[in-house]
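Here it is, the structure, as structure tokens.
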Amino acid sequence: MKGALPFLLLAPALLALVAVFVVPIATIGRIALYVSEGSGAMREAVALDTFRTLFADSFTWELTRNSAHLALLCASLATLIAYPIALFLFRTESRFRPLLAILAVAPLLVSSVVRVVGWLVVLGDQGLINAALLSLGLVDRAVPLINNWTGVVIGLTESVMPYVILSLLAGFGRLDRTVEEAAATLGAPPWRVFLRVTLPLSLPAIALGWLIGFVLSFSAFVSPKLLGGGRVFVLATEIYDLAMQAVDWPAAAAMALYALSLTLLVLAAYTVLTRRVAA
Amino acid sequence: MSRPATAFAAALLGLATLPAAPALAQLRGDMTLMAYTGIFQENYTAVVVEPFKAANPGVNVTYFAPNTSAVMLGTLRSQRTAPQADVVIMDITTAAIACAEGLVEKLTPAEVPVMEELVPLARQAGGECGPAVTFDHFVIVYDTTKVSPAPTSLRALWNEQLRGRIAISAPPNIQGLVLTAIVEKMEGGDYRRGVDKAIERLRGLAPLVQTFDPRPDGYSLILNDQVTYATGWNARSQLYRDQSNGRIGVMLPEEGTAFQINTINVVKGGPNRAAALAFVNHALSQPAQKAFTERMFYGPTNARAEIAPEALARTAAAPEYRDRVIDLDWADVVKLRDTWNNRWRREVISAGGR
Amino acid sequence: MARLALEGLTKAYGTAPPAVDGLTLEAEEGEFLALLGPSGCGKTTTLRMVAGLVPADRGRIRLGEEDITAAPVHTRGIGLVFQSYALFPHMDAVGNIGFGLEMQGVPKAERQARVAEALRLTRLEGLGHRRPRELSGGQQQRVALARAIAIRPRLLLLDECLSNLDAKLREEMRGEIRDIQRASATTALFVTHDQTEALSICDTVAVMHRGRIEQRGTPEEIYERPATRFVASFIGRMNAIDGPAPVMTREGPLGAGETAMVRPHRVRLLREGAAAEGDNAASGTVRRITYIGDIVQVQAATPLGPLAAEVSGASPLWRGLDVGAPVGLAWSSSDTLRFPA
């Protein structure tokens, strides 16, 4: 009986995991093997037709490229912007530090849809930025900052940034102020301290933050859908269109599994790489 | 027969069916209706569901309102072995899937006598399953504070001054599919023989487009002054026109329009079949059809429903609009959807970069 | 290699009393000066101000002829050995030691030679390509030292740098640090709370208390002639007798409001019946006997208060002595100091 106790204690968590993760994915896996009739009706089957169609369609590769491109760009931008913010939060001895930390991750507290509406106000053709540019006479005509790739990159970068900041903060463990002080006493001016000590020591944190940003951007749906103006086609928006507009569940399921395996592949590559670097 | 005569006959027949009502009053139990959310739910509850409840005090109707037809289909699929809903109102393309998958019942005038009163298109639309309960049609909505005189032609959109001021719901949204068919007709073609002309013409429109996926919808974008023109559905457009005190204008293009059809179906194996059949009969009846058309400007599917002229004039069932409706076979369009969708993405939207 | 002079150095954190309060101190060229004090006395703040890691509120820091009070850290040319060593974890020993030379722009060939020299001096030959985590505590300590001296600093600062080592290694390192400092003739400031360390390796000891210097002198002066009651009680073990009491001190009889102090090893232990020698004596009973190895400390309750005497561990005097046994204690007035209480 004693041996069973740990399993009993784990049971709720395992059940929850099965309920919210294993069952849905298994269901999606099952539906992907169904066959779509011409009418859109779904026929129960165990067939790879849907996958065959998926991989034969050149648009699938275009979507993959788009998703990867978007994720690369947003993860890199978010890491670039989040790094100094996270470093400041990690360092500051201000008594406002908890408040600043909350501010930095505050976007997490706002629903993604509300955040996107906020971006409309800022980036729209009559938005704050364009109003400023036009009234300053810097441009003749509103700069398109929304309903295109630019808008999606801006919105998505902002939405993954809190996660990147949190992972950077979690990864800064090896950063030791006295090591930087040591470099300074040895004659290194601040920029060389940063390049030779701070940056190398925070590389694991940067890699982790970038990975989180990449995975989140790769699977992001809300920003591409709401800020893309129907011009930005990525795997996540296509899965939505297939399931909700074309009502082709097998195709949507197959593409969802494909996108999921790409994400897992990236995670596996990261694990292998960090193991190799650490060794 | 002239029009007034038809209407008169319909009214007489309507009176004739009244004595059947007491039989329905013996129905009991709970019944679930699954249909659209938002203003559809508000108005449908007020003028169709409530009178049904009043006539059948023993029936307790629950209105279950998912966001879209796709979600309704998903609900039906997941409840296949133990359905919770009795009646479902959804888009014809989704209903066709439900019909083919056997999620809804085949209906005959034997059980639903009111089907005899419906316009031929309404029976045809549902195939062997439930018939059309509302006709809506494609329109162009515009900002009346910026556009005058009121436009009548789709060609008004091809105007360089509208750069960044147009919202179009591109395929796979069905508004985009309808637009494709209309533009093909405008250019002298027929969508059944291909849409090359439409695609070519739409490529020219693309650079003016602000968004191909208006969020939350085109009507809101006009009211927020984000765009001047948008694609839309008539019923909602008419309601927004009234709600915005005429700020939103509605144009039924002289080049043509096409129906968006919602059908009504009895869920196979639903908990209360008797109430379901009674509700379908009620929903398709002349009073219900009249009330809902006058309330929300969906075109009636019951040929004998006598609609107030001012309401009728705001639907495609108005005599002056009737011949503008393109005969769009949705079963065909569903099969063409992937091709059109791809052509939009590769040829139209790509020409409208911003 | 330069003379270090601190003049009226002051640093306060918030509203608390200043951590360093008008501190004035000099270290001669080539001198090995210990800054000794209990934790919280301001010694580490002083060291950080000298290094440039903390700005001074007031006062001057001079190194040689130069006023470096406001100079940025990286321009000071001061070698600092941190308590935690603060080695660069992503560089090997050679990288760590060569870092400062690289910053100075020393050409590669010369750099290699000087790193090799530093490795030799700190007996790290053969370990140059190990990363810090592949080195033992003592080896890391040596790398930190080598790194600090490789830049040929004008001043070497050592911050409690032996406190993380075990006792035996610490003793060994003391000697090495002393030798290396002598060999390079670098002026050095050694901050520590460990008096044994301070007294055993430094030329001069400055005892610090509440942000100020209490006494500066050779280890012997500090030990034998403490200038203040704080220094007397902080350095070494000490018996304290509050006056008035029949005790004769170096400066005269002990009066009211005064405290007499005498080190336990200056107090002789007398078995019962032995004649008292010296001008101070007390009799009492044994309270505790503590065996420390080389010496044995016997604590007794006397009418003057608790007094301790230390005798050699080899001495027959303490053998057979039990708690409660009557003993006599005697000491000379020339070994007895007097301070205001």
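So that you can tell them apart, the chains are marked A, B and C in the order they are listed, and the count of residues begins at 1 in each.
Convention: a contact is a pair of C-beta atoms (placed from the backbone, for glycine too) under 8 Å apart; a residue touches a chain by one contact, two chains touch by 3 or more.
Note that the structure is predicted; figures quoted are calculated from it, not measured.
Viewed as a network of touching protein chains, the structure reduces to a simple linear path. Here A is the chain whose Cα centre lies closest to the centre of all protein Cα atoms.
Chain centres here are Cα averages; for subunit A and subunit C they lie 55 Å apart.
Per-chain Cα centroids separate subunit A from subunit B by 38 Å.
Rounded to a whole number, the gap between the C-alpha centres of subunit B and subunit C is 91 angstrom.
Listing the residues of subunit C that touch subunit A in their complex gives 51-53, 72-80, 82, 84, 86-90, 99-100, 103-104, 147-148, 151. Contact residues of subunit B toward subunit A in the complex are 68-71, 73, 77, 93-94, 96-97, 100-101, 164, 170, 172-173, 210-213, 215, 225-226, 331, 334-335, 337-338, 341-342, 345, 349, 352-354. Remark: subunit A residues 37-42, 59, 116, 120, 124-126, 142, 144, 147-148, 225-226, 228-231, 233, 241, 243-247, 249 touch subunit B in the complex.
Those residues of subunit A that touch subunit C in the shared complex are 174, 176, 178-179, 181-190, 192, 196-197, 200-201.
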